[in-house]
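In what follows, chain A forms one complex with chain B and a second complex with chain C.
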Partner chain A sequence: MIHQDKLLISVVIIGVAALFVLNVSYGDVSIPIADQFYILSSGKAEISSWSYILENRLFRSITAVLGGGALAVSGLILQVYFRNPLAGPGVLGITSGASLGVAAVILGGFALENQLTGVSVILSGVIGASLVLFLLLFLSRFIRNQVTLLVVGLMIGYFTAAFVNTLFLWADQSETRAFVIWGLGSFEGLDKTQLITFALLVLLVTFISVFTVKGLNAMALGHEYLRSLGIRTARLKLLMIIITSVLAATVTVYCGPISFIGIAVPQIIRLISRSKNHAFLIPACFLGGAFLGISSDLIVRLSANSLPLNTVTALVGAPIIIWTIIKMNRQFASL
Partner chain B sequence: MLACKNITLTAGKKRLFELDELSLTRGLYALVGRNGTGKSTFLNAILGEVIPQKGEITLDGRKVNEITTAELAKKISVVRSRSQLFGDHKVQDVLLLGRLPYQRILAKPSREDLKIVEKVVKDLELEVLIQRTYNILSDGEKQLVMVGRAMVQDTPLILLDEPAAFLDLVNRTELIKHLHQLSQENDKLIIFSTHHIEIIDRYCDGLLLIDQNKLKCIEEQTFFMNEIKQAFGLNIG
Partner chain C sequence: MGKNNLSLCSVFIGFLFFSCVEHQDKLEMSDTSSQKGEEVAIELAEGFNITYQDEFTKIETHSLVGNEDFQDSIFILHRQMTPSFTKNRKIVPKNWTSICCQSSTHLAYLQQLNQTDLVTGLCGLSYVTKGPIKDQLEKNKTAEICIGEAAQLESLLAQNPEIYFTYPFSSEQNRELDKKGVQTFMIAEYLEKTPLARLEWIKLFAVLFQQEKQASTYFDQVKKEYLQLAQEDPDTNKKFIFNLPFGDTWYAPSSNSLIVQLLEDAGLYYYFHDEVGTENMAHPNEKIWEIGGQVSYWVIVASRPEGFNLADLVAENEVYGTFKSVIHHQVIFCNTATTDYFIKGVIEPHIMLKDLLFATHKIREHNPVYFRLLK
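And now, the complex of A and B:
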């Protein structure tokens, strides 16, 4: 690994670790550090409410790290596969697809209990996300312009949102309310089983992405080079669909549709890392996503949970995207 | 090494051309024909990406569409007409991509990979470009780097789809000279499609001419221009 990249990774790891500790220890209820260690290691607490509070902080911190990482990896693979620096699970409508799946289950009353634990919710989220991807892949045959693909993605997003709104007609008020709150996005509120399912899914699927390393490296040259570089195109496409839709859908199901992490992080990591090998870029993006995830959650908590997560991610993400568009324009102008 | 027999090539419902027999082993061949006659389709058929309606294309006696992708990448490398890279790759990174077929799952370059890149850099005199960003090079420099990348892939057959399309006359001649030298010194078979007929008669060992839905191979240099002029209905000079 090149010196500059080692430095980058070290800084991000230290940053994530520091913010993680801060996010667990900081809060309205101050618990002495010694007690925190005791509670986390033994599971017992002098004051029983402390253990609940700490567990809540710990769980949301883990969720933020994994969720941010998952979105960033999903965004990286989409950007490289579509060769579009502005692609991401949010803008391409993949998150909306997952939302539609979730809405169908929650609002349509397909789930017997109104909870986000069920396999049915995850499954329908993944189905919704991958359906959007199939549609995009089909449409991308006719699209030559990078911005057009994004507009199509945004339109798919609006279209699915309209569908969701229609589902509201049949839903009763409490279901609607649950859905609206979920839609604001939050890393909070996963119980132990949910957290374990979430963590396993994210880590497993992120691990599978090592099989895309060579294909993604070859994508720098373009689709028409894949075969002559020994890449099986159908396999790469399948892996891309599975990885990006499962990661985006898992995060969407558990944390709501979170915007901007999936597009901003890979954008920055691809820019500042010297290595172009995805064996480095994938883990680097995961860490970068984790960093943005946990820092966003910390900001949400500093505002006493009054700022929705999506507001915070938008504050960071939107400027990065505008900057990218300007940079893209300059590049095309020079052609 | 490359052999075609009784080929009928189509694009959708459109019949492109027929080819009775072609057998090439080494040298530099220019593929010439008017727009839409099937030059790119032919190159893609050699790659096994397009399957001819009739007949078969073989590499060292094996049908191309039956060779595994991993193996094929060690036999054929490709240069497309205008390659824009996704990412701010340095020229060094681009050249290293040519070693991808030889690398394992994490694409870690071996010492040998780096050595091969170094040799190609020397052969094509790319030293001044090596640390520069590919996307901001001139078209001529880009194309030379892409030829370098194909050389790094170290395959007996190199296909180039209109490599000279965006180059000026000087760069065009330079590129063809490099290709000529490459085919001579390294014993490779190189096929490139082109519309620039003025550069071919000095450096090419053969002309693959698509005319009236037939592909014919002319290996006598002095006939190149006449054949092309006849085919295109030109009566210049």
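And now, the complex of A and C:
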């Protein structure tokens, strides 16, 4: 790792830590710092609601860090896989697939009726995301142009959205309310059990992604090079599909469909570091995603929740994507 | 462009030209004159006026101070009028055959006047709870006429309604519908400042169906009972918060909203008593969580499964367990999934008030209909 990359990682870690502390300590209810330490160490509070308020801030901060990180890693792997800097879980319709899975459970009327709701929602979200990704991979056999593949991804997104809309119109009022809230996207609202499940899934799958480093480095240089190294392409691709689907679906299920982080963060990291080594890029993207996630959540809270999370991520992410398209256009023009 | 293409274009333009159909106002063809009914006096409602003339009765609805401006009027003719008078005026028929409603709230007034059999189209049909109104709508084969809250022109036209009662906030669409032969009339009873004023809109509906006496009797009876029960001043020791959060935000009604008026008439004191406005106020969840620890009552109007209880409420968010109202079992709940809160509740404010007084132990004998203490 070169000096510049070490510096980048250090700065991002400090930034994430500072924003994390700020996100936990700041809020509409003013809790003295001494009380915050006391509550976090002993769990007891002078005013009983304070411990819940602080716990809520802590949980949403952890969710923002892990959720942002997961989306960024998912986006990085997809960009290598499709050899397209515009690939990301949102653009390729993977998030929409997860949304369809969630909609089938919430709007299908099972949300409040059994203890397995959490598991069924996660499973249906992962299945929805995986199905879209498999469909995209199947179609990619017939499509050579990168941009065309993205358009196909967008169309799949519209297609699944149509199913979601139909389910929405058929559902009753309480179900649509739950789905609308989920659809706004938020890092808030996970309870302890959900947070543990969420954290375990994200951390485990992100850790597994480290095993794809060699393959990702080779794939970035082209499929021929990948084969020449004797890497089992089929197994690597399957692993990449599972990693990206589970990461994107987990975040979508628990936090709602969150756009732009998956595409924007790998672009920013590549812009700053210019490293091609995924042993660096994966943790760097995770930290970059965590930074964007927690800073977006802080902006949402500073606005007294008047700005939805997706609005904040779009304000940051959309200009980066436009810049990427312009850059791609220049590259094509120079060929 | 080739000759064939030019010919096709000509045929298409010709088709468009000739397809501009001359629309005929259906009310021009029917006899619209009806006898002048008993005049009704408006006591509390501020959102509508009734003007009586020898030739016609004019009903006008309008915005109140602070709301988006709107005005609408409709005429009941008592003798045949000249075309110059009827042109560009909304005239209601003598014999009603079909009515469409944008809000299920309108059904409450119609039911009290025994006119629900006229309802052939409704927005949000699936949201009507089981009961006599739902049964009547099924008997009528009432059609769903909206997607979301937007009326679908063809669905509306298929019902051929003599009137379509609408909200005022879709006034642009209403103008378009009027042009296309669907006679709309804006109803804004929810903008009234008190539950009794809202109830008084029954008189407006009564004039349309010549049931003035029945409506006035019902209004007077409910008003008398309500005023007998209403507490003079809210008790500052009985503070309450209202509702549940929507995502990260807790939307609280302004203190001059109808529901807050009802609750303050029951002697409860709204925590945000001084926050007046025309919109709901948005508060961050954590602010309400802190307030929840201080206030005695928590009033919730929400859709939940039958048998919903305090434990279920706390299961939704553990922090509710720290609320004073939860600890002291003083959560007053109205389940919109199992009660007729949004429809019949509009014309039964006295029963709602009685429910609230019973929940706050002001009266001892009562069988709650809408609001009850969560156990």
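Here is the rule we use: the second predicted complex is superposed on the first by the 326 of 335 C-alpha atoms of A that agree within 3 Å, B and C clash if a C-alpha of one lies under 4 Å from a C-alpha of the other, contacts with A are read in each partner's own complex, and residues count from 1 in each chain.
Everything that follows uses one rule, which is that a residue touches a chain if its C-beta (ideal position, glycine included) is under 8 Å from a C-beta of that chain, and two chains touch if they have at least 3 such contacts.
These numbers come from a predicted model, not from an experiment.
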Touched partner set for A:E188, first chain B, second chain C, both or neither: second
Partner chain in contact with A:D172 - chain B first, chain C second, else both or neither: second
Partner chain in contact with A:V213 - chain B first, chain C second, else both or neither: first
Contacts of A:A70 with chain B and chain C, given as first, second, both or neither: neither
Chain B versus chain C as contact partner of A:G222, first or second or both or neither: first
Which superposed partner A:L271 touches (first chain B, second chain C, both, neither): first
Which of chain B and chain C A:Y52 touches, first, second, both or neither: second
Chain B versus chain C as contact partner of A:R232, first or second or both or neither: first
On chain A, positions contacted by chain B and by chain C: none
Sites on chain B touched by chain A in the complex: 47-49, 69-70, 72-74, 76-78, 80, 83-89, 93-94, 97, 100-101, 103, 105-108, 135-136, 153, 159
Residues of chain A touching chain B in the complex: 80, 83, 210-211, 213-214, 217-222, 224-225, 227-232, 270-271, 276-279, 331, 334
Chain C-touching residues of chain A, taken from the complex the two chains share: 27-29, 47-50, 52-53, 56-57, 112, 169, 172-174, 177, 181, 184, 186, 188-189, 191, 300-301, 304-306
Partner chain A, residues of chain C touching it in the complex: 126-127, 147, 246-249, 282-287, 289-290, 292-293, 303-305, 318-319, 322, 337
